[in-house]
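I have placed the structure first, in the form of structure tokens, so that the comments after it can refer back to it.
Labels A, B, C, D and E are assigned to the chains in the order they are written; within every chain, residues are numbered from 1.
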Amino acid sequence: MTKLAVYTFALPLLAGFLMWFVGRLGNRPAKAFSALTSLITTVLAGKVLLSLLKGSSIVVVFGGWRPPLGINFFLDPLAGLWLFSVNVLMFLAVIGSGTRYSWRFYGLLMILLAGLNGLIMSGDLFNVFVFFEIVCLVSFALVAYYRKRESIEAGVKYFVLGSVASSLFLLAIALIYGKTGTLNLAQISYLSNSWPALFKLVVFVLILVGLGVESGVFPLNAWLFDAHPAAPFPVSALLSGIVIESALYVLLRLVGLFFLDKGAVLLVGQTLLLLGVLTFVVAEIVGFYQRDVKRALAYSSAGQIGLMLMAFAVGLSRPDLGSVALVLLFLNHLLAKGGLFLSVGAVSDRSGSRDLDRFAEECAFSDKVVGLVGGLSLVGAPPFLGFWGKVALVFGLLAINMYALVGIVLAVMVLEAIYLMRISSAMLTAKGEGRQDCPGQALSLWVLSLLMLGAGVLAVYGVKKGVDLSRLRFTPKQEYIQTVYDVSAYKGGVDIDG
Amino acid sequence: MDRLGLLFTWLTLGLAGLQILFLLAGDRYTRRPWPILGILLLTLVLVGLYSTKDMLYFFLFWSASTWLTFILSNNPRKAFGYLWVSLLGEFAMLSAIGYTYAVTGSTALSSLAKAGPTAIALFCLPFVVKTGVIPFNFWIGDLYTGSDKRFVLFLSAIISKLGVFGILRTVSELPSLPNLAVWQNLFIYLAGITAIWSAFKAVGSEDAIEALSFSSLSQVTFIFASVLLWSAVSVSGAVLHYINHMLIKLGMFSVVIYIWRKIGSTEYTAMGDFVRRMPVSFLFFLMLGISLAGVPPMGGFNSKWLMYEAFISKGRLLPVLLFFVAGVGSFLYVYRLLHSIFLGRKKASISLVKEMNPLQIIPLVVSGLVSFLIGAYVKPFMGLTSRALTGIFDPVTITKTSIGLVNLSLVLEVFGLLLGVVVILFWILLPKHRYAPDTEGYTAAAYLPEQIRLWDYSYNFYAPVNRLGKAFVDLFSLGWLAGFWKEYIAGLGLVLRGLYNGRLATYGAYIMLTLSGLIVALSLLVSKGS
Amino acid sequence: MNALDFYALSVFLIGLGLMGVFLNRDFVKILISLSVLESGVNLLIVSIGYVRGRIAPILFSKELQASAVGKVVDPVPQALVLTAIVIGLGLLAVGLGMAVWMHRRFGTTDVSELKDLAG
Amino acid sequence: MLEGINRKYDISGIIASLVVLAFSGLLIYLLYTQIPYGQDKMLVSKDYIKMGVNSTGATNLVTSVVLSFRGLDTLGEVTVLFASAMAVGLFLLPGAGMWQREENFVLRVASRFLPYLIILIGIYIVSQGHVSPGGGFQGGVVISSGLLLKLILKREKESGFGGLVHALESLMGAGFVALALVGLVKYGSFLYSFGPKGVPGTLLSAGVLPVLYAFIGVKVASEFVAILERFTSSGEEDERA
Amino acid sequence: MGYIYLAVVLFTGFTAAIAVFSRGRVSSVVALALASVGLTASFYLLQAPDVAMAEAVISAGLSTALFLFALRKMGIRGD
């Protein structure tokens, strides 16, 4: 089973490299080739996820060296779920990306997929940085793809802020390597208990800021609101759907492994909770006043990231509620936001304007369906995943006696409901009968709607049967260290493993 | 599914069936699939709502009904007021459920009592919002007038009264009656004021649907207040009036929607003298009007009488006065409805109208007859409501009133006899009637021209009443609240928008400030903590 | 023996790079400052791996291979920096591509001109 | 030099710089106290040094770390370069050279023989990667700077390198991943350095490592030739949005 | 022996400061190249030949070339 995990990373890379040859045949074959690749990786990721759900976590070893020596991938059920959903949305975005993009666009998408898959699975600190760089660099290029005035401005801002952030992250890695002498996450997490308070604090803040810029945490997410609307719509669907989530995933995993010893749990939890609330409240209030449709969706993405941060912070003290909320919010946002951006983006491209009143002139029927289903599920209307995610989050927040916080969060959630419903109803009540550029778009939108509905029904069924979702959470420190390598056996002496 | 849920399920299914029959019997526009499927889905959701005893599922179905109403109303611009206020209510309910889960670990409705009075009050907030009592009454007019005509009947008959069922279900599930006297009284008086406010609104409106929707609000707040009173007589009177109101609105709205399909407008000025073309509809519309006004021979009187009886026996005279004034208001707008639609001056639109086809008229006939039956022979219906309320209250037959023991059903039967006399009189006089000649002689044309607004004496019929209630109505229409929102809350948004001023240097400063701010703050906390 | 060793230089370069990014208004100057920032971090990583009095991690002779542990500098930071430098170059190439287009679209590479997207 | 300072700086830029100063101070304090300069802080590296040569066969430990112990970083690194080449290909178009008018005698004469000399040095650096300092990246860049001379010359239309360079770049990248996959399929783990270890210190010694470095060298060279070609072309970038 | 360290450190720091804060763009690119040379020397002193070689070829060589070509593409002659 470990081979499949590696293929999900190696195949898109191979596809990216070979894209020039396929590009000679033209853009449509390139799109078909990348759709095929992402379909294969989705199937592989699905099989990996199934085996993870049944069995225990997997450690994939590279170059034949046992974990502390070489680089290793670590896959727990949550990583498997994240991997599978990332590949699903990538496949649907590639299909739903219409006919206007060159073979280079699809090459970059394949490399982005390889980078994201590696980022989710990686178990080595510098390896996380390299994959993070791949994802950042490809996102810079894809945001500025159109080279219009607006995309260049967004690309430049994103480039500068992203580069500064990744340099800070590299600085944190340097400090950690200097202190511990190793780059393997499990070993660092084992050694991190003995870090002095000031060192641990500075490294925590450096990693939080370094990865926070890319994952859209409150004060650092200014680039997000320029980049998503300016990017081509499949890219903004991917940026909102998987890229900022994967950056958040890595941030939470690193924080979970390095900084959660007894004393700091409270402090780390409260910092993340505060940042989550700030991200959510500011993003939703500002999003409420947006006339530009895609920009409003970008604000909603930042808001959902805030919710996920809060869910993780709650999960530290109440794992049964917090981690379930995190998983549900992630899946819901991935499907709903991916679908919304794919449909709203295509519709506003066809109608030429992104203003709330004029963007929906040429809405095809599948756009309307996704507009309705996506809007409802994102807002947390009953039958969808968002509803259960919101319920789990509110239960969790109340369980840790954060009453005022629940009041604020729910009041602001009404704002989000209003401006998202403005977009959905603008699409629903659109008069014109639009046609999509290619059948692939309609197919991907229908698949997304069915996934959302299916997930909703499954959730209702799951809650009734009381299915236990607690396995889908970040593996706690001790268990992570034990599965990756046996601490006692490795004392830094000679350990030949040819 | 307990007996209370069963009653409400049958009522909703019955109404939905009749409404769908009315839509199917209509023309191609009303026969379109999605409104009918929407109503069926909404009925399914409501059946789920009636059947569950678990707060989480109650919240699931309640939220589903809110969202379905928003979508089925098919006019988002007008329905946003409804959406955001009911979402606020729902989130109050969600936090109540969360708090109970945190305290007691279970989300059963009965465990709400252990969570304390504030949780109960929060849980019941959405019921108050959905009923439309004073602070939450600004969305009623927009939603009803703006809503899709094919859905407004179901909206006003069932959805407007979900709050009533909510209170019934919640309070009946709690082991002991919560000591929420303060909230109870507050909302009874607020309901009274809302009843008067909506009566004035209905009286002053120039549109049939607007009049009917505000009349619904006035009746529903009366039901809501009497349920809040929570005595055997008041609750069974409320349930009876629930049934009556549902029937009345079913019949009246089907007529108004039929007319709307024919002449394309629901303004009073566009209608007039339809009795010539639609005599049967006029007959049943008259019966329902009488029942709405609460005049003895029809069912409306019995249920209103029970509710008044309950308030008086509890010695609460001020609410009785408030609801009585609202009752007087109902006389006015019922007459206005009857007059402007069927008896007023003939308009050019009369040629478009003809009697409903036999299938379409069934809902009207059914509601007229059942309401008549409730008026004439109330015993089976009283049995129905008391069976539904078994376990909560003992059956209501004998009640002690200020003038000693009174057998309610006996009293109502006496009025039933009175009804028999009226029917016989109507039967005798019917053949002798003759049409009053058109006396408006001074216009040469056969029909009055369209811009009759200036001459049609029925336009702004109750000008003195409107002038009297103007200040009162404006105060409680909460226009000033919208102004407050625009001015102050919107200001907060502008401040936050200023954060993202688009300059790269500022964003860079954000990164560094976050970095240093977190380091300083955390190091202080750590040093203070350890 | 030398107080002003490479830690000081790398922190100086990092601080200089960061200040350059925030103070400069010209995008090309910001790219230069980013390069300085990255080389500062690279220098820091390598100087973390340096051990006084040891030689480069090339075990060219037989006896060196036998007892290399105490004689050789840490090879891992050098491997990391090798990768980091090339990543920095990759970023630079993309950044300069954007700079060319920014010049074409905005007429100047002055970053304070970029204020259409706000709020 | 100093007159550049008194330009009107953005207030937030100044705040950020003050914060940077404070942060650097904290960083220096942290470094000197937590990570003393010049001391042996190795943990995992001790194993690399002990078994580096006989398990991978390469005397240059950095190469064995780059390619064998932490091979995935290098693969990621190669992907970053490939992505940036593709992004530059997205932004700028190949075309006629920028220098149409200037006829530079020295350049014309030098470009006849100098590139081949530089390429030879580059090939040496790449091939000796696993024995002496150097390797795929450094050698590849040297080779591309050799070919740079050819690109700077006056050229009317697209330089001849176009197709060949892209093909080489893609093939080498795919080759690198293929070799890694061979390691996975036959030897059970991705990027496994199989092949004869040979005598450490000689040319054919470190099994597959020199082959990998050769692939990287050619790939890096062709990548940078492609990037430089785009940067030295004056072609009016296509305006299509 | 220590003076070489000092010389290299001061040279790199000084040229980097010029690169960041000088007014003209081409002059800062040149200063950046010099800083890279200084950096190569410091890597050499830190017993890291591979990195020194990479730094020399990439930062001093190629990025300076890229900067100058980009400036040229933007139509900027000299300072």
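The criterion applied here is as follows: a residue touches a chain if its C-beta (ideal position, glycine included) is under 8 Å from a C-beta of that chain, and two chains touch if they have at least 3 such contacts.
Since this is a predicted model, take the numbers as computed values, not measurements.
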Q. Can you list every chain in contact with both chain B and chain C?
A. A, D
Q: Give me the chains shared as neighbours by chain B and chain D.
A: A, C
Q. Looking at CA centres, what chain is most distant from chain E?
A. B
Q: Using mean Cα positions, find the chain sitting nearest the overall protein centre.
A: A
Q: Taking CA centroids for every chain, report which one is farthest away from chain D.
A: B
Q) Comparing A-C against C-D, which pair counts more contacting C-beta pairs? A) C-D
**Q.** Inter-centroid spacing, chain B versus chain A (mean Cα positions, whole Å)
**A.** 45
Q) Could you state the distance in Å from the CA-based centre of chain B to that of chain E? A) 78
**Q.** Whole-Å separation of chain centres (CA-atom averages), chain C against chain E
**A.** 11
Q: Quick one: report the Å distance separating chain D from chain E, using the average Cα coordinate of each chain.
A: 17
Q | Residues of chain C touching at least two other chains | A | 5-6, 8, 12, 14, 17-19, 21-23, 25, 44, 47-50, 56-58, 76-78, 80, 82-83, 86-87, 89-91, 93-94, 96, 98, 100-101, 111-112, 114, 116-117, 119
Q. What parts of chain E, by residue number, touch at least two of the other chains?
A. 21, 48-50, 54, 58, 62, 66, 70, 73
Q | Sequence positions of chain D contacting 2 or more other chains | A | 7, 10, 12-13, 16, 20, 23, 26-27, 31, 35, 41-42, 44-46, 48, 50, 60, 62, 70, 73, 76-77, 80, 83-84, 87, 90-92, 133, 135, 137, 227, 231, 237
Q: Go ahead and list every pair of chains that touch.
A: A-B, A-C, A-D, B-C, B-D, C-D, C-E, D-E
Q. If you look only at chain A, which of its residues touch chain B in the complex?
A. 156-157, 160-161, 164-165, 168, 197-198, 201-202, 204-206, 208-209, 212-213, 219-220, 222-223, 225-226, 263, 266-267, 271, 282, 285-286, 288-289, 372, 376, 381-383, 387, 390-391, 394-395, 397-399, 401, 403, 406-407, 410-411, 413-414, 417-418, 421-422, 425, 428-429, 460, 463
(Q) List the residues on chain B that touch chain C in their complex, please. (A) 497-498, 500-505, 508-509, 512
Q.
Touching residues of chain A toward chain D in the complex: what are they?
A. 3, 6, 10, 13-14, 16-21, 60-65, 68-71, 102, 104-105, 107-108, 111, 114-115, 118, 122, 124, 126-127, 130-131, 133-134, 137-138, 140-141, 144-148, 171, 175, 178-184, 187, 196, 198-199, 202, 492, 494-496, 498
Q. In their complex, what parts of chain C are in touch with chain B?
A. 18, 21-23, 25, 111-112, 114-119
Q: Enumerate the contact residues on chain E facing chain D in the complex.
A: 18, 21-23, 48-50, 52-54, 57-58, 61-62, 65-66, 69-70, 72-73
